[in-house]
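Structures given as structure tokens follow.
Next come two complexes built around subunit A: one with subunit B, the other with subunit C.
Up next is the complex of A and B:
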């Protein structure tokens, strides 16, 4: 016979234990997220070079000035193009590769490793490798075009403002598709074979089986991939900074690299803070529904 | 029958082969370039006439120290971030009611924060703590910024452990803390392994905190060194490719070795 009184006492100490456990992550969160965000917000209302003893209060001027700068709009637009690209590009290529591979294909493990490997590489390494691929005179891309007689199409891939963003996205596709691929691949493996078999027996073509049966069941994987893509698009920094530093002539600049240049290149800390507040607001608007969804799953699970 | 199957898979197979060649090409070219002497380097597709290991010597010379720094930063940071994730995920997986949900939501919002918003105050905070350009400073920063994702990951993992195990342990006289340390954590090897792999990639590959918070040989990790290497005016691609390949090796090897654990962890996280 269980001792109910003892058990109740145990569940009371559980509350204490939980509070003690949570105090460390909450402290870290308060010190490294809440405090710096509040402090950045405060700094964005000032003009400061990072050295002088007192920042000068300027109200909302930093925000207003940015709204009148085409350089700022250009970076916002670039972030939005990246968002669209990252939601669609690596996601659909990853899904395609995973769907093609999900048939007991020979060499499956080799394909899996080859598609996934680029994802493990540091952004700076991706940048170094692709700067070499895009080298205008003897890089791989130009060399291949020349060897098939299309040398005239070769461009200064990273040096031309109208091409640079596409070139960066190409390297990003190579880098991040592996993640989407693996999540979808694992998701497809999770679908019970009977569902697929049942559809086949009823005469569905592989195309129908995929879109009518597999794809809807992949929704949890899709949510993960899209959520990560949105977060990446807002945080995007390393690849751009290491490949073009936002150039040529700010053409490939995103908010994160513009903020870095403003803070640590021009030492306009207040202006830079205002850029990052804008970035946080944009990221919040786009990603908050996703976070809400993640947290809501808890509530649903508890309600069951 | 077999030929029918072969015909049906021929098109997907050839698409996969083409994709695999495109995916592998940059790494293969980088590897070949790293073994070529300066006079050969512009012949991109050709194999090297003779193996030129000098590139690796130059690369090692310029980044050997930072490679060690990266190891010294990554290994403890991964361990700390796992520990904090577990400590934070445990109560959130077991607490009932609004309190736990509010804390969970609050911590999760950290996942959407672009690090640029903390960058400037963080620089001054770390400097005032005397941790600027130091390896322990990087431990602290990486651990702190891992809290949201590690909490999310470990909470979900713990939630998949049957609750009856917890209740049975309490009836048998275990304290809630004792259950965590003696039963739950030792039984969570697969979740911790998957998270360790994800975290080692994130921390080893970090560039933003590295260039903001380190400056000298004392603490600069390999990513920051390569960024500096690559942005010098006259880029020498031979040594740069050698350095790049050295820098990507540890995480790549880790993933190849622990692929299964990683996929299992992803399934746990994504499948629910």
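Up next is the complex of A and C:
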């Protein structure tokens, strides 16, 4: 006859151990993730300057006011442009560089470092470098264009509202391509040589080998790079703030910089919180399908 | 049990650390992170500590600007660990903190330093909220002067203009000589500071204060006239691609002979000097048209948060030293700013600094010392004014002019309904 009491005690002890182990991450998650979100949402229903003792309850007014502001929509549109750019720009360039280097170029290790190096520089330093590169009269970019006879293409890089976002994206491309490159390069090196050789023996051209064999096998790397790009597009703040403060006249503003300006530039904590709730919802809508896909793949892999 | 013991030890260490924090050094927070500014604040702290050996204060740099300072202060106030004193802008910047009961009333200190006698009237009114002083002025810079390169002016045979017609004529001649006439820089402040001169020329000193108190609307004919004078003179004169430059990059353009004039705060003089561009010899200044006899200024003051008695004592002793003629000179000379204390000996300044000091003294006598409008307006109105002005300066179209007026006027009405305006 099974000793039910012993089994029950064992089960209780194991349950207790699990609970103890789980309590720390759950507490951390609740304190540092759940509580700030709930608190931010609560604050978004109030009007508060950040200092006075009692925030004033205003219901959904902050949300409604934002929906009536062209400034808010402009920032949302900028975030979406950044999303498209970050999904396509650094990803494609990183893939291209990785594919080129994977063909066994001379000085591969040097190029590997050179391509990755910008990614190791802090955002504020990148911004300082590019602020000088983009100086419209005697900056490096304008000087180079003038010296090759293309001075007509030189722009007021950071001062023209219709140009500034492209200029910022240029600096971001320089800064973040290294990450995509590294992930793709590692992915390419992990593809078994037999697959490539088999394709070649079957008469595939290098182009076909890349698109029909290598690229599909790079899917795990692509998922990582695209996911990070989407997250970066939503939380974008540092490079924009350090280079333009969202200007000139809101032209390069994204939701995170607008939130910062509203909170600390204008003392409107409630409205800034409402912006961050909108940002959370938009980021959730964009990123959740990705997380869902990722979770599904992990489940499938575990099932296999 | 053993784990619990370690947990207890850790808690004890943390408690000890927080107790140490409360008894730790008394801090002065500021954002003078580099160059002449840093030299100025360090000299002042050393001077005050020498005067008050039992009440030492330690400087702490908050990297960034006024906005970053607000963020840090807010967190510190929430955690009940504010500094002993901090660098604050004037007027509304102080009022926001006063309204929430965070700042210490400096009336007693003010009486000790004879604040009503040593500071000009225009300076006093922007550190007092409801008649009580909450800030000790120490770092004043005029923002209504135009710097010009003497070599460029001499080569083109030009004299500093006295009125707007003269300014436009000088700009035309400079442009014809292949030099960009008037520098400006991107961001919400510089175009706004340039705009004050045409605004004062149009609405007068009284009108300027009426805009500050919300009595004169942004949709008034006077304001529109000021805007159009700005468009037809300064905006017309601005250098190509100005909006893509920082103010130091534009100052470099003047040093390098690419730009003839630059309307910027007095701090540009210190930058020129550091770049080897000597005052009077290489550059000089003239008041922007319409501001002769007037002084429009930007100023920082020391604010003292409420706190324990010993921290308050240290802070008060520090601000008393900082307000003294010697303390003010200790800061102003390396920083390249003006001492708001009128008892400071004018011989401490270089030739251009002495011009600024005379300008301030003359304007004080004529009661024409005007504080930076940005800080007189409720924070959200001032900030939006800066943004809209930059947009208008980049593209002075009728559409942008009308948008500027309607955006600001609705903000003014909103702020008035909230009772946010104040008569300074």
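We adopt the following convention: the second predicted complex is superposed on the first by the 279 of 304 C-alpha atoms of A that agree within 3 Å, B and C clash if a C-alpha of one lies under 4 Å from a C-alpha of the other, contacts with A are read in each partner's own complex, and residues count from 1 in each chain.
What we mean here is this: contacts are C-beta pairs under 8 Å (C-beta built on N, C-alpha and C of every residue); 3 or more make two chains touch, one makes a residue touch a chain.
Since we're looking at a predicted model, the values are computed, not measured.
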First, second, both or neither for A:195, with subunit B first and subunit C second: neither
Partner chain in contact with A:115 - subunit B first, subunit C second, else both or neither: first
Contacts of A:219 with subunit B and subunit C, given as first, second, both or neither: neither
Subunit B versus subunit C as contact partner of A:57, first or second or both or neither: neither
Touched partner set for A:136, first subunit B, second subunit C, both or neither: second
Partner chain(s) touched by A:211 [first = subunit B, second = subunit C, both, neither]: neither
First, second, both or neither for A:245, with subunit B first and subunit C second: both
Touched partner set for A:235, first subunit B, second subunit C, both or neither: first
Where subunit A meets both subunit C and subunit B, residue numbers: 50, 131, 135, 137-138, 245, 263-264
Complex contact set, residues of subunit A against subunit B: 2-3, 6-7, 10-11, 13-14, 17-22, 24-26, 28-29, 31-33, 35-37, 39-40, 43, 50, 97, 100-101, 103, 105-106, 110-111, 113-118, 120-125, 127-133, 135, 137-140, 143-144, 147, 174, 182-183, 186-187, 189-190, 220-221, 224, 231, 234-235, 237-238, 241-242, 245, 255-256, 259-260, 263-264, 269, 272-273, 275-277, 279-280, 283-284, 287-288, 290-292, 294-295, 297-299, 301-302
Subunit A contact footprint on subunit B (complex, rising order): 9, 12-13, 15-16, 19-20, 23-27, 29-30, 33, 41-45, 84, 87-88, 90-92, 94-96, 100-101, 103-122, 125, 141, 143-145, 147-148, 151-152, 159, 170-171, 173, 175-177, 180, 201, 204-205, 207-208, 212, 222-224, 226-227, 229-231, 235, 237, 240-241, 243-245, 247-248, 251-252, 254-256, 259, 262-263, 266-267, 269-272
Complex interface listing, subunit A residues touching subunit C: 49-53, 131, 134-138, 156-161, 244-245, 247-250, 261, 263-268
Residue numbers on subunit C that touch subunit A, as the complex places them: 67-68, 70-71, 74, 77, 96-97, 99-102, 186-188, 240-246, 249, 253, 256, 258, 379-380, 383, 387-388, 390-391, 394
